[in-house]
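Consider the two complexes below, in which chain A is the common component and chain B and chain C are the respective partners.
What follows is the complex of A and B.
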């Protein structure tokens, strides 16, 4: 008896990614966000989701993919997970949501190493559906907005944000 | 037609408990050495009278009979026939407790214990009979310790459980501790069996509801750390003897006590009124009634589910709802035969609807906020009782009781505060003789203060006692291997040592100043609320302990300001004034630091757009925007913004719940239009600004 898990797949710059559907709280369109001062560029800000302050990240920018201008059809996947015993919620901006697919958990392949050139930190494994490769995201890692891990991004942004004025 | 009176019982009980609280605080206000304020007596009398009337109506005749005696006594005081002395006041206080126990028992549907009632009834009658009778024997039986039982463990092999012998000293209940709370905590750790031991019970007639006569034998199944068990007892370490031993595989009772208790359940209830011991289960052991105390206590239908709300808030809510209904009917009428020329009215109506809904939302949120007096309220009695017991003269001052904090904070801060206050009374404040010798006033002072500052709620416990002895603390810490003997520590760091877990063993500090018993637990409780605790002390002058709690869910008066397209909230209490500054008043320090002169004082300018890297700010010249003068930790400074938007109450939401703490930002809030605005943390912002400019 095989263990199947359901994945929500979505596209990002013609690549197919997926998250475990149990980590998906809802899918909604992008609303104006409130910028967080001095935050890394991919952290777009926070918005009010029924009284909860939820941070929004742009997954393209997080993965250093070319930016896309936002429009009325821009989709936010709201993720949830248990992180250090607290329930956390975060939204991520993706190009479009594709499908819900059943995947045999035994068939999820470990991420191969690509050396230093490709950052696979946030990829938990590779799955396939209809001959497409799906990159399964490590939601816990993605949602850990711990400042220590973000340190490099923080500094880059600081240089970017204040450079013009000094 | 029969009316089911039972439906009013809950209301009656709640009213009665409120009445009892009124009586208690009234009685505590009576100072026997001064002429009595008649209004005080009247208040107490009225409360007693209501309880008597209510209990008569609902057929609680025992209560009404008992209250009748009280009332007669109070009536004599009211009409000036009797001057209250300490004896009478103490007896009345005891009666109030007794009445509370009776009512609690009735609320549970149990019968109150007769012995207690009879005893106080007798005491009151005695006072009524003899104008100046000697102290009734029933009144203050000397607190005697129950024989602390030495428990021999059955088997000494490590196993999957613990056997705990828990023998509280007599004063346990008086110190505000409740054995049931301990049992409940233990039950969370594993499966708990509780067996009371009645060996210390006096005769029926000698019961004192404030004295704990029972001891317990507990068996906790499950693999639990010994330290976890010790943590549970940390609060009561001073007030009990307890021994923890691993549970043997064979549960032979080698410590069977010879005494056989005839009526275990009824007695356990009589002795520990606060515990509501349930009826005994099937008793297999001779001397031990095995009782599942924990579950019974959890069923207690008291408080937890209800919340007391200021009537003003309720009135406000009702007003808001009224407005909402009016707006709604207006909109309804508009919609019935709508023509385009009524568009203006429609838009107005919608704007109104939006405003009312928002205000309603805010009012509802504020219902969760309670004044801290709900916690502070218990301390006058605690201090009264403890100071009498310790033979010290102590004056308690409560400041800022109206500071509003979240309900959760109110519930969780009580235990740590009781602990701090107890410590202060017990070890901090000296006896009258010592105080006079030290050149201080005879009466010690204990101040409990609560206030809001820079986005935090601060609760302070201050005393003017002997303070902490840094040298001894340091020596102790070295002895306990907590610090290296070579280590250089500031005074502050040494004080912080008392929060170290190793410091909390019982005898570690009693001979120095006592603080330290369970202080690590206090700190952990406060940290679990997201707060911190700081200690400050001057030897011989006193100690000040400040608890800082975050304002999660707290409401703040804020001024919203615009910078570029962004909106920020400045806490109103930090703002001194907002002014328009002419560019000619601008000065530079070393080419970078901007200052301006305000009434002979040079204030640094912090440009929000620069510190927060905000693009599209409208104002770059000072004259185009506004300078908001705020009070920082190191003096005033001017925040330069584009414009002021408006003042409003905002509900503070945590930013780090889903994100992380951001420097210069204390939290977030949701504006009327549903968007998020960030709340500035002034001290953090200034630190950030200093780094921006010079770092």
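What follows is the complex of A and C.
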């Protein structure tokens, strides 16, 4: 049991994703956000979370998935990570939170390559749970947006984001 | 002595101009009384004439007067005296009576009395004298010395002369005797001679006077006897001559008066004779309406009519009419008298008495002083005339009715009616002659003899008729030829028509059968339409029920819609509640997740908490799933309720439409019902029409059969006609054509009949046209 890690699974466009539960600060309902001018489209705004300003990102839009109308059941998973000595907190808007699953870390497989055109950088690995395939997201990469955005050519967004972040 | 009583003191004064004349026979019986006498006496002429004259004697008159009168009369002397007479009513009147015997051939034959109006002095002295006479104190004739003196005075002239001559001769003789001594013989002889001459002269004078007087008396008697051609010596120059001349003058005057009177009388007689003999019935009545004259005609008329008149007037006697009063013929004589008294102009009247038709023409008769002296009545007995009129009328009626052998009997006709009757007989004769002649010819025609002709000389319309009949006979001959030919054709044609009619008859029978089928079909149709109408009525009722049900359904649907709406609201509330539960589950889940996150962070210490969190999360998830399911269920329920509501609403709308449609259906069904009723009526009419058509068709069938039969019989008739035509006897050339010639073509080749008489101009044309018709069969129709 020593190698077992707990993952928080959630769904996004009928696909199951998962993050390490230790990167999860809390899970909340979507509350009204304060929009930041010139922010990228997927960055919906910021939320005052017990005194901490937390940016809220729509993960569907982040992953170029079709937009979904927000409702009372739309959930924001507040992620945290230690990045270059910076404790970063960020809200991810997902379709729904599914479960907390225990996964043997040995069973976490590497992400297969799909060629140059497909960016699979945010996916750390694939885990299976109860015949479901869970895409294990790399929270650090997800929260450290800049290089990826440079690679993917979203300079303008990054500039904004950077600006917003700073 | 007769005493006529009673008497009155009333005197009737005789008018000075009046002359009362009577004639009596030798026994004093009145044979004649003039009108004046009849009038004043008050008696009727019948009462007077034939009665003794003493009927008018007044009791005051002394019988001595009458004895004196009769003495005078018996002595052949006239008698005159004032006489008091009595009227019928007892009144009296004075007359100066002049009675004279009438001597004929020296014998007294009757007495003539003429009475003048006396003067009052005459009446006064006469009254005194008659009173004395009645008292035997006076006599009418002188007595005693007076009578003696009178007898001396009335000694005859001859005796007186003889006595005077004797005295003369005695005196002369005595004188001669005394003077004889002194007288010479010549003186004496002269004296004697003178005495003889004087005596002779005296005797001569006396005998002359006596002779003349005798002669004059004789002449007077002759004059009285109306003999006026007496020879009288007119040449004497002495007094005697004067007397004779005066007598002659009187004779001439009397003769001329007599001639005048005779002339008047003959005029009157002539008129009377004329009246007697005229055909007119003339009757004259005096003022008292006594019939004083009847001419022969009227007498004859009444004699003839007597029996008829007696049926109405039982006492009528035609022989007693003259002298009777017309009052007896009248029911109301006074009315008639008044009417006639006022008459001053011609009055005409018509009366029917005892079946006699009488026309009356009444005229007043006036004297020269315009006094009414009588009435003249003309009777016209139209009985015979009426009878003859009827007789002639019956003859004329018979002639009108075609009975021509009757004639007016001429034996009792005369004058105008004879002429008229003869004319009518002549007319009947002529008409009978014409008609008989024509009838003879026509009866010949009736027996088929067309060879006859109306012979004889007629004029005018009769001639036209004669010509026409003769022409007709000729034409008939021609026509019968053509008819015969026509009958051949008709026979053939009739056979064709018969066969055609048979076909027609069969077709009509087929038609009749079809019509019967049609009729039965129509009856079925009628019952179907009636059933239809009944069904429509039932459908109508059902539609009504349906409408009510649909309306009811509409209200049910509204209730359902309301219920659905409430369900929907409840569901929404449930959905809301479930939403809340779902949210709670969601939040719980989030809390459990956060708990799991916290437990994970806590590591091994949080292991148990993690299990609890997991359990909570499971519950939350189950709760969320349940809520989700409930929500889905509720949502589905709400959805179903909504769709149910819409269905119910649709049902409601549909029901409204159904109601409207049912109403329409209702109306339509009502119309159908009405239409069905009309259809039923229409079909009934069609049915009747078909029945009539059927009847007519059957009649047609019968007619077609009859026509067929008729055609057959027509064909037979044509044959019969041809045979019948042979019955007619025609003139030779025409008769030749009437021999049977079956083929028509041959007929056309026959020579055309030559016209019997050239003057009948149309004959050749007819012959030509008939020959053309024979040549061309198609022209037969025209012919």
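Note that the second predicted complex is superposed on the first by the 140 of 166 C-alpha atoms of A that agree within 3 Å, B and C clash if a C-alpha of one lies under 4 Å from a C-alpha of the other, contacts with A are read in each partner's own complex, and residues count from 1 in each chain.
As a convention for this text, a residue touches a chain if its C-beta (ideal position, glycine included) is under 8 Å from a C-beta of that chain, and two chains touch if they have at least 3 such contacts.
All of these numbers come straight from a predicted model, not from anything done at the bench.
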Chain B versus chain C as contact partner of A:99, first or second or both or neither: second
Touching partner for A:28 - first (chain B), second (chain C), both, neither: second
Comparing the two partners chain B and chain C, which touches a greater set of residues in chain A: B
First, second, both or neither for A:107, with chain B first and chain C second: neither
Which of chain B and chain C A:13 touches, first, second, both or neither: neither
Which of chain B and chain C A:37 touches, first, second, both or neither: first
Chain B to chain A touching residues, read off their complex: 566-567, 610-614, 653-655, 657-660, 662-665, 668, 670, 674-678, 688, 692
Of chain A, residues touching chain C in the complex: 6, 8, 21-22, 24-29, 72-73, 75, 97, 99-100
Interface residues, chain C side, partner chain A - complex: 582-583, 586-587, 589-590, 593-594, 596-597, 600-601, 610, 613-614, 617
Interfacial residue positions of chain A with respect to chain B in the complex: 32-39, 45-48, 51-55, 86, 88-90, 145-147, 158, 161-162, 165
